[in-house]
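Below are structures written as structure tokens.
What follows is chain A paired twice: with chain B in the first complex and chain C in the second.
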Partner chain A sequence: MERFLLKYFTLIRVIIAIAIGIVISVFLIYLISEEPGFSLRSFLLGPFLSRSRLAHVFETASPIIFCGLAIAVAFQAKQFNIGAEGSLYLGAALGTAFAVSTNMPAFIHIPLVLLMAGLAGATWSFIPAILKARWKASELVSSLMLNYVAYFLGLYLMNFHFRDKEAGYLVSYELPESAWLAQFIPDTRIHYGIILALVFALLVYYFLYHTTTGYEIRSTGFNERFARFGGISVFKVVVLCQVILGFLAAFGGMTEVMGIHRRFVWQFSPGYGWDGIIVAIIGRNHPLLIIPASFFLAYLRVGGRVLNLMSDVPAEMITVIQSIIILLITAEAFLSQWKYRVTLRQAERGGAA
Partner chain B sequence: METILEAKDILKVYENGVVANRGVSVAIEKNTIHAIVGENGAGKTTLMKVIFGIEQAQEGEIFFKGEKANIRSPHDAIRMGIGMVHQHLMLAPDLTVAENMILGNEPRRARVFLDTERAVEITEHVAQQYGLQVPPDRKIKDLPIGVRQRVEILKALFRNAELLILDEPTSVLTPQETEVLFKTLKDLKEQGKTIIFISHKLKEVKQIADRVTIMRDSRVIDTREAGELTEHDIAHLMVGRDISFERLPAPVQLGKPVLRVRDLSYVNDEGILVLNKISFDIRAGEILGLAGVVGNGQTELIRILTGLLEPSEGEIALQGETLVGLSPRKIREKGLCHIPEDRIEEGVAEETTLEENFILDRYYKRGFSKGLRLSWKSISEHSEDLIKRFNILAQSSKTPVSSLSGGNIQKVVVARELSADPEVIIAAHPTRGIDVGSEEMVHRLLREARDRGKGIFLASADLDEILKLCTRVIVMYNGEIVAHFQDMSAVTGKDLGPYMLGVQREEAVSGKVSA
Partner chain C sequence: MSPLLKSILSAEFGFAIFRVMTPLLFAAIGVSISSLAGTINISMEGTMLISAFVGVVVSAFTESLVLALLAGVAAGMAMGAILSYFHLRLKADIILAAIALNLFASGITVFLLFIASGDKGSSSSLKSLVFPELHIPLIKSIPVLGTIISGHNIMTYGVILAIVVFYIIIFKTPLGLRIRAVGQNPDAAESVGINVNRTRMWALMLSGFFGAFGGLYLSMGYVSWFARDMTAGRGWIAIAAATLGGYLPLGTFLASLLFGAVNALAIYLASLQFPSELISLIPYLATVIALTIYSARALKKRTHKVEEAKRVGKITEVKELGGSS
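For the complex of A and B:
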């Protein structure tokens, strides 16, 4: 039994963290809400109670998966680039600009627009990458700062050059139909982006664990001095993993534009890049674990929206509840004392010695 | 005899499940020098950390001067009169000797300002009281390691330590400095202090200890009067079997130079000349030793040879082809391998599996990958083969390196480097901190490589290792080669010492080619 506990410690810890998070949420909701039973039901079961809400979970998960994968590639090399948000925003803006100014058959237009958006995102994240590789500038700081630059650049581009003045609100021109990703389940907005996200999760998994370049990235992350010592070009890894990050994030952002809004509608940065960091941490930077982590986060987000719409719990409190759950999952030291005691008992019996 | 300290049935398990002490009991008699010997990983240092309050034992009791002692922190230990001198000295390098002495209970003027004069007075007073010479005004970083150690000892004495624990104090000293230390310890014993002396060097133990406790596999094997035991007895108890002390006979015939180093200089980022016109050859079929006190440029020299650092000037050629300016990978491909000084920081990636550690220098080569795709099957086979050939104690090639012992981790490094089939092997401290069994194995592998005609460069802080293995030896001091011993048959550690300390140098060694 104890050996089993040690082996699946991480999984058990996540489950316990979620359980505690929910207990605290229940407590908070009881404290705040006039009708706690109903509020609680909205939050926890709400996402499953209608077809459109359930679909909403899938729609929300797909850009989060892309951003989680993006972050994971960089984090596996221990490059703490948090610029997914900026690359996503600017990449999607430039992809939109490209899509509305061109016209060609769908089977070329769709991949080309996605590629252009991805390349734009990659180019953007090349900036912190080269600053780090060449001059040792912290990628954490520079990518964070560049997120704001990307946001305002994208906003400028959309508001001053591609704004649809007839739309009545601040959005870009509508994409030509040849650049739309189809919504393939009737009465929902679930589009091919989710399929692409799952395919990319597999691709990134294969890339990291079954290719020489993936090995270089992971080795650099395990121990940079070890990698350098063995002849791996750390410079190349530092640049490459961040460029891939920008590509994936922007690609994911573009699928959302092409699949759901069909225009560039983000007056505020959508935050998927930040969610990507959360799911990368929950999924321990493993591309396949990022999929369930993203669905879980999407579920929390949709539950929060339902709660906000249906109950008297204020939006601020919803964010607090979500944060508590995420915090518990990501706390590395949580339950480590317990693990230590189990290890100790095993060792005393001569099990682990 | 009166017992000053007694530990009973100590059990200490670390968080990762390693049992470091299991039912350990030891009694230290007052006014003796008590040696605790054992291989690395036998549990000596852990026991001392428990006694000094750095680690907490899960079970067991400690009695100090007959009373049960509850030592929760080093602070408690110091208050009771226990002092410890760590293997890696715990002094502030930018402060003076006097400032280090009084750190923690500083004399003050007007309650706020440090009274430097008083600090110097205190230092001089304590130094005089115990007959230990230290320069109170000098900064720690400007002093040789032997003097720093003396400061650390004085610091413990100043805090009224009656029992002094020294953790492998001689591992950083030259033979001459060791003698000075031993005299100091004997004087302290005369003055009524009790000393626990941790070591794995048998000669020293015989020389200084009154009583000896031998530890093996986290347990105490025996405690005896030192006079009753010979070096061989102690070695036998430590390892559980006989080991050889013999020197390796010199090779019958030396081959051609395989690695040529000429006028190598290196100026570091701070503008300090770390290497000054180093020239030597490594010949096929020999082990060339590099002796010297740590920090005299050896680390930089090795990093330059292996391409991890750019020299400021000079030439390195492997079988006639220059290595200067090449990347570490290119240098490896030319036939040079490197057993690094710091195996945890550089030699392995601890978090990951053995196989991912084994392929570091070859993952992109034929047989391990096709195009971009890694061939995991052949990688695993290769790794299983290395585990078997190099006798690595690991469950499988998918075991994480972090779960191995120090000796086995080193075997992983050695297995990878030697299986690359190099012409030149650069080995930096290849047996530091590993168990005797693994040490013997590493020595045997180096010897076999030598006999197959490889050129080997061995840098080591362990003079016994240098004397045991090397065909020729060069000594480095302050970035220069100050001595070159061609014939090692009659050379002892004492012959090397004066050169290592810089008090003696061969005329015109530097500049001249040591070949």
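For the complex of A and C:
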């Protein structure tokens, strides 16, 4: 039992943090709701109680998985690039521009549009990457600033050049049908983006844990000096991991445009880049753990929406819970005393844990 | 004269710049002071939001501006204290913890707003107070200058004072010296007996202190209510301004002035059918360029020192320096 605890300590810590978050939410609901039992049920079970809500969990999770993977690759190398949001926004805007200006058969149009969006996002995140690698400019600040630049550029492009004036509200022209990702479950909006997200999670896992470059990325994150001493080109790692980040985020954003809206509809940045940071933290930057983390976040979101609709508890409770969970997970010293005691007991007993 | 030029050259435009700049500068001072200690506080967005909310609610229920001010500032400093507890004691990464705090502020303010007023959008049903405007006698009757610098909210004059206070803290007090020492080289600071963690805690709490004023101004001066997520990215822009200003008093002031001017310009241009998007992105782009130049110069200086040391034979080999090796 204790050996099990030590082996999975990180995972157990995450689960405890989530449990504390849920307990606090129960407490908050009982504090303010007139019918706490009903509110609690709509929050925790609501997402499972109708087909459309359950579908909504899947739809919401899909772009979040992409962004979580994107952030994980950069965070594994300890590059705090938080520019997924900007790459996603500008990449999807340029991808949309490309899609509405071209016409070709679907089997070539779909991959080409996704690739164009991804490359646009990768190019965008190359900027903070090269500034960091070449001149040591903080990628945190520059990627944050470039998020705004990307947002305004994308918005300008959509509002002034690709705006559908007949639509009645601010959206781009509709994508040609050859660039639609099909929704494959009837009466839901679940589209092939979720399949692509899962495939990419496997690819990123393989890349990070079973290739030399992946090893170099992780080593650099673990100890940059050591990596440099071992002959790893830190310059290459710093650039590459951020370029991959931009590619994945923009690719994910584009699947959302092609699968759900079929137009560029974002007058405000959708926030998936920030969600990506949340799931990367919950999933401890592990590509495969990002999947359950994204579904968990999507579940909380949908639960919050149900709560908002059905009861007297505002959905913003979910945001509070999320923040508490993240704080507890990022606090490395949280529960470390406990781990220490268990380790000590194991050692005293002479167990080879 | 074109209508655009006319509006930019008007005294009202000068007035607008100061109005827009006030919350940015407060927050930028907060970011600067924490960055000087080597612990960048990117939770300004959340700090301002919490203070803006607390100020409105306390003023509505107590009808006292002083209590509202005190409560708002206490809330801001509490945010700094929480961040330092998680970062310094519980070893959380400061960036991630600050992102979580921003999220927390965004959620908890709307949550509590709903409980306090039954509304999730804004606090317009609460009768909250605002800080007074100050009309300076004599100066206000000077033609152009009077319009620009008189009649502002008292907080706008407060922010000028805050810059002076920031300067004094950093350059004229023992705490300021410790903050700079810890920021430049924590190990060296530690070796001469400075308590690194305690110094950083103070820097983070001071950063919350200054940020709080920015938030209070937003909901009790700039407008007279609290609205959800009303900081609208100002906390992030403040990071840009602080970085552009090199975390120093005068630089931070000038950078905030620039951001204020560009934002005021964007507001004007949007009304003239010009793509305001293209104007709005200028300050962010300028920050990236300034940051790069600043970093490149710092890197060159460091490399130069090492070369110099090598030449005189003090060290023979340096492995871990520079990004381009």
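The criterion applied here is as follows: the second predicted complex is superposed on the first by the 337 of 353 C-alpha atoms of A that agree within 3 Å, B and C clash if a C-alpha of one lies under 4 Å from a C-alpha of the other, contacts with A are read in each partner's own complex, and residues count from 1 in each chain.
Please note the rule applied: a contact is a pair of C-beta atoms (placed from the backbone, for glycine too) under 8 Å apart; a residue touches a chain by one contact, two chains touch by 3 or more.
The structure displayed is predicted, hence computed values, not measured ones.
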Chain A as common anchor, with chain B and chain C clashing or fitting: clash
Look at A:156 in the shared chain and tell me whether it touches chain B only, chain C only, both, or neither; answer first, second, both or neither. second
Tell me which partner A:228 touches in the superposition: chain B (first), chain C (second), both or neither. both
After lining up the shared chain so the two structures overlap, which partner does A:309 touch, if you call chain B first and chain C second: first, second, both or neither? neither
Return first, second, both or neither, reflecting whether A:219 touches chain B, chain C, both chains, or no partner chain. first
One more residue to check, A:11. First (chain B), second (chain C), both or neither? neither
Kindly classify A:32 by the partners it touches after superposition: chain B alone (first), chain C alone (second), both, or neither? second
Based on the superposed arrangement, let me know which partner A:211 touches: chain B (first), chain C (second), both, or neither? first
More residues of chain A are touched by which partner: chain B or chain C? C
Find the residues of chain A that appear in the contact set with chain B and again in the contact set with chain C. 225, 228-229
Quick check on the complex: what are the chain A residues that touch chain B? 210-215, 218-219, 222-223, 225-233, 340, 343-344, 346-348, 352-353
Residue numbers of chain C touching chain A in their complex, please. 40, 42, 86, 89-93, 95-97, 99-101, 103-104, 106-108, 110-111, 114-115, 120, 233, 236, 239-240, 243, 275, 277-278, 280-281, 284-285, 287-288, 291-292, 294-296, 298-299, 319-320, 323-325
Interfacial residue positions of chain B with respect to chain A in the complex: 11, 13, 15-19, 58, 306, 308, 327-332, 338, 340, 345-352, 356, 359-361, 363-364, 369, 372-374, 376
Provide the residue numbers of chain A that touch chain C in the complex, in ascending order. 28, 32, 80, 82, 127-128, 131-138, 140-142, 144-146, 148-149, 152-153, 155-156, 159-160, 224-225, 228-229, 234-235, 238, 274, 277-278, 281, 314, 316-320, 322-324, 326-327, 330-334
